[in-house]
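Letters A, B and C mark the chains in the order given here, with residues in each chain numbered from 1 onward.
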Amino acid sequence: MRAIPLGKPSAIAIAAISLIGIFSFLWPFVAPADSFLVVNSTETPLLFALIIPLLLVTVISQISDGGLDAKAIALLGALAAVIAVLRPLGAGLGGIEPIWVILILAGRALGPGFGFLLGSISLLASAMFTGGVGPWLPFQMLAAAWVGLGAGLLPKASGKRELMVLSTYAAIACIAFGFIMNLWFWPFSTNLPEQIAFSPGANAGENLLAWIRFSLTTSLGFDLPRAALTVILIALIGSPVLQLLRRASRKAAFDAPTEFIEVH
Amino acid sequence: MTPRWLHPGAWWLWSLCLAAAASQTTNPLLLSLLICAAVIVVAARKPDAPWGKSFEFFLFLGAMIITIRVLFQIVFGASLGTTVLFELPGLSFPEWMSGLQLGGSVTLEALLGAFYDGLRLATIAIVIGAANSLASPTRLLKAVPTALYELGVSIVVALTFVPQLTTDAGRIREMRRLRGRSSQGIKGFASLGLPVLAGALDRSIILAESMDSRGYGRHQKETTWGRRLSISLVLASLSLALIGVYSLLTAGTSAVVALLIVFAGLLLGGVTMWRAGRTRVRTVYRPDIWTLPEWLVSIAGVAVLGIFLTARISSDQALILRPELSAWPSLPLWGLLAFGIACTPAISAPHPPAFDIDTNEPFSSEAFR
Amino acid sequence: MICFEQVTFRYSEDGPTVLRDLNLEIPAGELVLLLGATGSGKTTFLRAINGLVPHFTGGHLTGNISVNGRSTRVNHPRELADLVGFVPQDPVSGFVTDLVEDELAYSMECLGIDPPVMRRRVEEILDLLGLTELRNRPLHTLSGGQQQRVAIGSVLTAQPEVLVLDEPTSALDPGAAEEVLAALHRLVHDLGVTVVLAEHRLERVMQYCDSILLLENGSVQSGSPSELMQTSSIAPPVIHLGRLAGWDPLPISIRDARRVAPPLRALLANHSPRIQAVPTHSPRIAEIRKVQCAFGKKIVLRGVDLDLDAGEITALMGRNGAGKSTLLRTLVGLKDQTKGTIHINGVDPHTLSAKDLLRHVGFVPQEPHDLFESLSVAAECKSSDTDAGCPPGTTRALLALMAPDVQDGTHPRDLSEGQQMLLALCLIVAAKPPLLLLDEPTRGLDYPTKKKLGEVLRGLATSGHSILLATHDVELVAELATRVVIMGDGEIVANGPTQSVVTGSPMFAPQVSKVLAPDHWITVEQIAQALNRELA
């Protein structure tokens, strides 16, 4: 079931913003030492924090132009609210939030387009609700959108196999999210100890190693529990939540045929 | 001045300018002044609304950032200065992590450096927190461009659903007790979540029906060519931005051309949004106005940023404080001036209107009938 | 104004026909009442008027429906928004924003109306519906009646010529229902709006309507109330009384009925109403002594004394905020009393663990689906057996007895409201709690379902349960309750046999009692028994 149809233009737009997003995360490894981005490495994250949201809204407006009916909007809003309510629950635990299970299952049940929008909109909505708008938000929105999109693109499976596929994906996605989110501010933090610091001008391999060390020593402590929690929740309630979501999408009748018959 | 909401855009512009100014310096005195300005303005103009409370969280977040940053420095050992404070037992990681070293001697210089760095991040978080608590999120959504109407509506819907979900959860928790069940632990939490989710999904369908019958999504039909033009514009804008970002990656120190390409892409994106906005039929009820107070607040922000940028361009030494014992932070006159200007919204902005807090009554099922 | 031409509708190609060859026309400026049992196609009919059926729901529609000449065939619901206003059954779920003023303006924002015009219309609607005081209030802090009026106002700002309402008063208490109906009456008379409404609580709306549409199995009959009510199986007590007495033309309102009632009263003068047997010497189930309860500084219960015996059905009445819900919540231990004692079978419910509580006192909430957690009826019953600690299959067997037509695989939330209520009742009754509490059990139920629920409750009382129900439904109380307790401002102001309490009160008297006052008749059944005649 696909609640939000993605036409070719929308798919291309998502691919393009994703590429730009990848650059915005990975520039510390690819940009040469004397490039503009590296020389001004403390401003670069802010530059991307400006570019990404502007492009992201262009993409969203393109997707919504293609077909965001009231049902899709209401479902998006409802699930974004669920995520916004769940997020503060994890705030005291350093981001070990039970939100990923909803995002991943919704992406799975309602399709990649819905997953992409839910990822970005839910983080925006929860940031507005709890007052958490900051330069980190565009990166979070994009990364969460990828998580939702990916869940929608997983291969067909059902029953236990489906839950296995989803758990595996969830584990990978949760850890990857943490690692990727380290990247946007990593070059921004000057004065870090040498082994885990971004060194402008070092080659990609050295920086990559430094980043992995940084992630392993800093965020892994949060990423692993987050992944574990998500996997446990999928095992526990994955199947009923999927059934609820599919029931909702059936009730919303996204693709029920409408026919007018002439009277003879 | 009669109490009214200041245009949220003005608050955000002021706060983002302060954040950008903070990112220009590591001087703890200048950073502390920026934090003070944010605290003063929030204290003077914070609304009595749910989002108004978020500032305290940001102050806490700032403190956390500094603490974590300093702890890192201690754990990872020092590579700076000579004033050893104390020694930690050293620990070497295996070969595959290329001999990462933990612990060792902790120097005062290294801690100072970590503190300055943490303080800068904390300042950015706190001044942005000021906008979070000063500007009403729902009023910000009213100012959303027409092309993003759908996005705006879905967020409005989400913000409306949130309080309903919390009351639902409270009620269903009680009902679980009546059936002899507990809502503790992961399992209890999960099974409490299911009926709440089921309720939210059911409600969203009714909401969609109501939105549909109230005219949501009315728009003028676009011609095939107009539609094709829109799509090409979106794709062109994204391609330009992509090319621009890519050339930023490879460009030399001067990246004027690459930056220009990126901004051309953004501009084109703006054009597509404007075009998309034209086809949507939609007006705003009681839109926020932009008058003198809005100008004063945003000019204050821009002026502060201007002062910091001027100092940066003229390589003013006061901006950068080296983490050395001999180095004392200096407080230049322009810093005080910037502080004064940053504080002006505490006077120039109008008071927010009194927020109706009838909502804070204790939960009673009678009230929700 | 509204025109159905040879309309037939099915949700799916091979599904049942929901509407069958409808031909009708509703003239402008009428208030039309749509009647029909659950499952008769009422919901579909209402939604077909503005094109939600089939544009929103999907389905196959034959024939043509047009409003003011605009056909739903080519117009989506959103394009008819300035012509047809649709108010869903649960107003809260239909709210898009969270403030009264924003909600009123929402439709106009969608229609792209100029800001100055919007501003003026919002002020007009605030005045028209008496919402001025509430303009800045968050929607979820309003009472049910206020929310319903905001919902009506929010579609009226688009200035539609037709207003379609799905059960606007069935969830409201009598006072709030009056407010809403008075507002609708004003719209029809002052603004000439055409109103189509579906409603179960006929006793409330019958007197306001100009004509009736009666849906049965997808076919429709239309006519004036007194015409159609001669034969309709769905009718308020005053109609049943009129038919029994053979009054012609059939009086629709209490006032008309009183005028023709003297001969009947003379006939009944020698009889006295048979009163429901009140059990004597039955064991005491609950003792409530001097219970006081407060929310912060606000005292909600002030020294309540109440005894409940086995076999009794006690009705708890009173306006909203009088303390009914708080008393029920205190009895199940959800709210602590600040003073006083509660003993249920000798135990204070607050000291009981969740598991033991269910064996002493059961509570059926006004939204029965709050109790549901499983994905199917069968699973729900199974988990209830575990909760109650009774042999597997007990709950399912109970449900089969009460509601034989419920399917095992259905999602509990997809059941009809009556079925949901019966399922919730089964889940609670399975543990055999001696005291059974029900909060507004007849909200949104039609007459047959209400009757069914009444039988079930009476059976439970006979088998030794003591039942306490908080309700606004005076007709239900007249037929079912052995005793009535009326609360006001946190105190019990009346407590006695149904007959004597309700006939003495202008607010809680059933229709029959209003027609035959000051005689003490309260149900049509009593009169039929007295006259030895069969109910028509």
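Convention: a contact is a pair of C-beta atoms (placed from the backbone, for glycine too) under 8 Å apart; a residue touches a chain by one contact, two chains touch by 3 or more.
Bear in mind that the values here come from a model prediction, so they are computed numbers and not experimental data.
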Taking each chain's C-alpha mean as its centre, the one farthest from chain A: C
Interface with the most contact pairs, given as the two chains involved: A-B
Cα-centroid distance, chain B relative to chain C, in whole angstrom: 46
Geometric centre distance via CA averages, chain B-chain A, whole Å: 18
Inter-centroid spacing, chain C versus chain A (mean Cα positions, whole Å): 44
Multi-partner residues of chain A (each touching 2 or more other chains): 70-71, 240, 244, 247
Contacts with 2+ other chains: residues of chain C: 55-56, 78
Two or more partner chains touched - positions in chain B: 153, 156-157, 159-160, 164, 191, 194, 198, 202-203, 207-209, 211-212, 216-217
Interfacial residue positions of chain A with respect to chain C in the complex: 70-71, 240, 243-244, 247, 253, 256-263
Partner chain B, residues of chain A touching it in the complex: 9, 12-13, 16-17, 19-20, 23-24, 27, 30-32, 34-37, 39, 42-43, 46, 51, 54-55, 57-62, 64-65, 68-71, 73-82, 84-85, 98, 102, 117, 121-122, 124-125, 128-135, 185, 188-196, 209, 213, 216-218, 229, 232-233, 236-237, 240-241, 244-245, 247-248, 251-252
Chain B residues within the chain A interface of the complex: 19-20, 23, 51, 53-55, 57-58, 69, 72-73, 76-80, 97-98, 100-101, 113-114, 116-117, 121, 124-125, 128-129, 131-133, 137, 140, 147-148, 150-151, 153-162, 164-166, 169, 186-187, 189-191, 193-194, 196-198, 200-205, 207-209, 211-212, 216-217, 230-231, 234-235, 237-239, 241-242, 245-246, 248-255, 258-259, 262, 265-266, 269-270, 272-273, 276, 323
Chain B-touching residues of chain C, taken from the complex the two chains share: 47, 50, 52, 55-56, 76-82, 84-86, 88, 90, 92-98, 101-102, 105-115, 118-119, 122, 136-138, 140-141, 143-144, 154-155, 158, 171, 173, 295-296, 300, 320-321, 324-326, 329, 332, 334, 354-358, 362-363, 365-367, 369-373, 384, 387-388, 413, 427-428, 431, 439
Chain A-touching residues of chain C, taken from the complex the two chains share: 5-6, 11-12, 54-64, 73, 78, 375, 411
